[in-house]
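Same chain, two partners: chain A is paired with chain B first, then with chain C.
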Partner chain A sequence: MGIYLQLLIDGILLGGLYTLVATGISLSYGVIRVINFAHGEFIMLGAYAAFWAVTLSGLDPLLMLPAIIVGGGLFGYALQRLFIQRILNAPHVNQILLTFGFSLILQNIAAILWTGDLRSAPSVVSYSVTELGPLMVPHSRLVAFTVAVVLVIGMLAWLKWSELGRATRAVAQNHRAALLMGINIHLIYAICFGISASLGAAAGSLMSFLVTISPWMGFPLVVKSFAVVALGGLGSVLGTIVGGFVLGLSETAVSFFIPGGSGWAEGVSFVFLIAILVFRPRGIFGLAVEEDAR
Partner chain B sequence: MRPATLAKALAGAGVTGALLVLPFVGSPLVNDWTVRICSLIILAVSWNLALNAGLISLGHSAFWGLGSYAALLSANDLGATLPVSLVIAMLAGSLAGSGLAAVTGSLRGIFFAIATLAFSEILRVVALMTPQFTGGAEGLYLNPTLRPGSTPVTLGVVLGALACLAVSYALSLTRFNIACRAMRSSEETSKMFGINPLPYRVGCLAIAGAMASLAGGLNLWHGGFLDPLVAFDLHVTVLAQIAPIVGGIYTLTGPVVGAVLIVVLSEVTRIWLGASGYSQLILGVLLVVCVLAMPAGLIGLWRNYAQKRAGSGSLEAGHG
Partner chain C sequence: MKKIALFAALAMGLALALAYPTQTSAQGVVKIGAPLELTGKFTAYGQAGKRGIDMALDTFGHTAAGMKVEVKFVDIQSNAQTTVSGITELVEKDNVGFMIGPIASGVVSWATPPWRQKKPVWIVTGSSSTRNEEELGKEPRFFHPYPWDYDYHQSLAAALKHALGAGKKVAIVYSDGAYGRAHLPHAKQIFGKEGFTIVLEELVREGAADYSPALLKVRQARPDILLGLVQTSDGILLAKQVKANNLKVPYLVGTVYAALDEWQKATGEAGDGWVSVTTYLPGLKRPANPTYSKLLPSSADWEAAFRKRYNREPEFLDPLNYVATIGLLMAIERAGSANPDQVAAELEKLDEPTFYGRMHYVHSGGTLHQAFSEVIVIQRQKGASVVIYPQDVAQGSLISSSP
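After this line comes the complex of A and B, so read on.
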């Protein structure tokens, strides 16, 4: 019994991080309709920012979080204004190739500047653990999970109650009608891309004390996030949250129950992704918005 | 024959002749460059062929890796010779391509692209986790007694590239190509004209898959070693898409021009700057610049220039 509870805890703690990463992708795709393959590089840059903060100033990665969120947001805003803006109406293949190009550029700048060495950024919470009877709850994962949940809830609250959030939802529903209502859709696009990037960078700084940091850490997370977004159905916020936990729990279960499972667990998200795209392209909840013809 | 057409035909014949002579020069460096350029031509032609039907592939490393493993296992376990193992590799690639097309049914654009990416990643995980076939993370060597030496392999890559170009040219003259282009513009509209997209998607990916697997198989014979990370490296997919976009997508010559340029560029950066990070960085910059500034590639730029000189006044790049 204890072991199942432990798996449940591990899966949920992992799922929270997946949800945070996927929410960023879901926001930028849902509003701007450009799939951002460079989202993983925001995560990577956030992780390196935390690492250098720890290494150079001795500050805890958690203390750096607000600065990393702001920095990530500004970076995303600029990227949208300077580049993504110009391919909004381009064919899909151009959009894919552009963000792929960003991904390559950022990965290799990181590799050149900081080498490909694996690093990690220990936090004060890295070495402590709470024991509840037979159950182990590492504080690092608990803290990362809590911050992730707070950030996702904050983003949802912003979408639901703020004026800009309302405008964002309007743009996501129908950008032409939103334009006619006097919403500055290009400003909304840039803000959304900025928020998406800051969520990615935040996820990266949380991961800096959970996993090893390398220039190539981001891309696999992006593909996993596609699976999370597809599981929940594009455009469904609730779906993305549930999708994150489904993936976290499934990976945890696979790595426990199957011999040599942690290797196979890496494949779970890809199988989900193909299965969902093929059998139920609108996701578990079926709320997905139709892709418009632009 | 118009002078321009004649010049093109002569240039084509000249390049073909030069490529056929190169393997017999015998220098390891020349052979290595020839193999790299010609395999990238094959990959680029294959990627462009799928894109021509509106199928954006992010899974070319899957075909490449399958082809490599098919060639490796058929040679090591069944004693297949170079040509036989390549036929097996192509069969594997075309099976995978048609299977992928059948399974992905009506997925389009970005959704198809993500499905192909997931396909390739699944194969990588499976290859890593089945060491009894693939040697796992340690990898496998091609049985050295089977290797025929550098010249036959290089000649094979050259012939493969020429064959793929010939196939792509032949296809461009057929109804198949017209149907594919119609599907690219709009699958809904093409259905109204009586085109059933599925057979075309299956056919297109079967051919593209066979080509990319051929390139993978040939590279196995060239390098002699394979592990799952090499076989299903995302970098193969990146190269397969960057060469056509630099040269000019939807054209016959674009992928060739792009492939040559990319290999030359990455060699030059490797020699000047050393570390491989720089050459990949430059590929990324090239990708961004091409998409933003010249989406029709070098061929498109050239056509614009030629049209301007001819005084036709139209600035639109023509798509072949």
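After this line comes the complex of A and C, so read on.
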């Protein structure tokens, strides 16, 4: 029984992180209809920001989290205003090429500025653990999970109850109608892209003490996030939350129960991706392959 | 008559130029390719390789056998596509006669097919995977101045047996790439032969973000020793998650990654207690070569020069690449030409004491040209690397990381 509970804990903690990583992608697609391949690099930049905060000032990555969220948001806002805005009406392939190009540029800038050395940002919670009988709950993962949940709930609350959030939902549902209602849709696009980037940077900051930091750390995460988003339904934040936890629990279970399963677990996301595209292209909750409503 | 003589001389010169192999030497230039992992996940290897090669060139003087030595560094970015295109360019377009690098096992396996196109003399200053030994060991132009994985495991098993006695239980975590899969059979065979019991073999994915389920299986197996057959980036994650999950395994053992400065910095306190192999550790007192003391100084003098030049401590790949490059340049000098076969013959004859060990390529059974097979076993203790084996150079004893 202890083993099953431990696997459940591990799976949920992993799922929380996947959710945070994927929510940013879901938001930017749901509102702006741009599939952002550079999202992994927002994560990477967040992780480096945490690393340099630790290295230069000795501050814990968790203390730096608010500043990193704000910095990530401003960076995303500026990126949208300067570049993404210009290709909103371009074919999807142009948008994909642009964000993929950003991804490569940001990776290389990071490699030039900070070298490709593998790094890590220690936190006070890095190696502490709570033991509940046979169960182990690493504080690093618990804190990362908790912060991830708080951020995602905060974003949902903003979407539901704030005026800007309601305007955002209106734009997501029908941007022409929103425009006719006097909503500044370009401002909403930029704000959403900024929030998406800030969620990515927050995820990177949390991952800075969990995994290894390198200029190339983002891309594998973003690929997995696409599976999460497709599983839940492209554009559906609620679906993304469900997708993140389904993937986290499935990977953990496959790793443990199938012989050599850790090797297979990384493929679980792609099995989901293929299955969902073939059997339910809309995803569990979402809009998946609907035509662009813009 | 003068015109006829002039034409005859020109024709003879042209004939000689065409008849002589042009693979390396164009107008008195020796071309050496250095395809290295300067960026990407194996950047620590590639950067160390470049430091060693650069320092060797400057020390040797950029000329050999009266020819200018040109080294072309190519960043193969630690990925397959760039490795193949980079080496194809070196071999086909630049027509290099000699190559030093790459270093990581997987990258060397990617580099092998393009190298086969013209087979320049190839010095691989790394790659412990015996998959590459099977593929390249019998090639007459392949030189391997680095231990194979069985050399690692023989030393690790001997060190652990010496400290703990036989009969201890070992759990192995190995990665699914060329590295982990190649190491696994030798680790099992050698540890088994030394009297250890393998209680778990657990596969993990290269580049995975979570090892918790694998570590849960390790916890269930209750081993005395955890042996991690992974490479540096995965080794960092493994050490961090072992610590974060409070895995109470008394002895944590890696391959070579725990000897790398990059791993030590990234793991911090999680790296304490890890046992590792290395081929070199700063502070080992080895004398200068009596004949070539400028090229091959004492370890203390070389380390001082390295620190002055790079403002950092050398890692094991720094002196290896230095010594291997010096060896190649000495062989070119002795051959008196840049003909790869003549230089390969001189490399075979090379037998020089160096601060890194004896530079002597011998037929080791699986490899025609093998040098520097000896490894030392270290353990990270209170943030420092302590030699624990062999006994004659040991600075301390093996201690449990989970008392």
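The working rule: the second predicted complex is superposed on the first by the 287 of 294 C-alpha atoms of A that agree within 3 Å, B and C clash if a C-alpha of one lies under 4 Å from a C-alpha of the other, contacts with A are read in each partner's own complex, and residues count from 1 in each chain.
Everything below uses one rule, namely that a contact is a pair of C-beta atoms (placed from the backbone, for glycine too) under 8 Å apart; a residue touches a chain by one contact, two chains touch by 3 or more.
Everything numeric in this text was worked out from a predicted model, so none of it was measured.
> Look at A:102 in the shared chain and tell me whether it touches chain B only, chain C only, both, or neither; answer first, second, both or neither.
The answer is first: A:102 touches chain B but not chain C.
> Contact-wise, after the overlay, does A:255 reach chain B, chain C, both or neither (first, second, both, neither)?
second
> I'd like to know which partner A:87 touches here: chain B for first, chain C for second, both or neither.
first
> Is A:111 in contact with chain B, with chain C, with both, or with neither (first, second, both, neither)?
Once the two structures are laid over each other on A, A:111 reaches both partners.
> According to the stated criteria, A:266 is in contact with first (chain B), second (chain C), both, or neither; which is it?
both
> Does chain B (first) or chain C (second) touch A:211, or do both, or does neither?
A:211: touches chain C, not chain B.
> Touch check for A:219: first (chain B), second (chain C), both, or neither?
first
> Enumerate the residues of chain A that count as touching chain B in its complex and touching chain C in the other.
111, 260, 263, 266
> List the residues on chain A that touch chain B in their complex, please.
35, 83, 86-87, 90, 92-98, 100-105, 107-109, 111-112, 219, 223, 226-227, 230, 260, 263-264, 266-267, 269-271, 273-274, 277-278, 281, 291
> Please give the residue numbers of chain B that touch chain A in the complex, ascending.
Counting only chain B, the residues touching chain A are 51, 56, 58, 103-105, 107, 109-111, 113-115, 117-119, 121-122, 125-126, 128-129, 234, 238, 241-242, 245, 249, 275, 277-278, 280-281, 283-288, 290-292, 295.
> Going by the contact rule set out above, which residues of chain A touch chain C in the complex?
Residues in contact with chain C: 3, 6-7, 10, 14, 111, 115-120, 122, 126-127, 129, 131, 136, 138, 140-141, 207, 210-214, 216, 220-221, 251-252, 255-256, 260-263, 265-266.
> Would you pull the chain C residues touching chain A in the complex into a rising list?
Per the stated touch rule, the residues are 39-41, 43-44, 47, 176, 202-205, 207-214, 216-217, 220, 232-233, 236-237, 240, 243-246, 262-263, 265-270.
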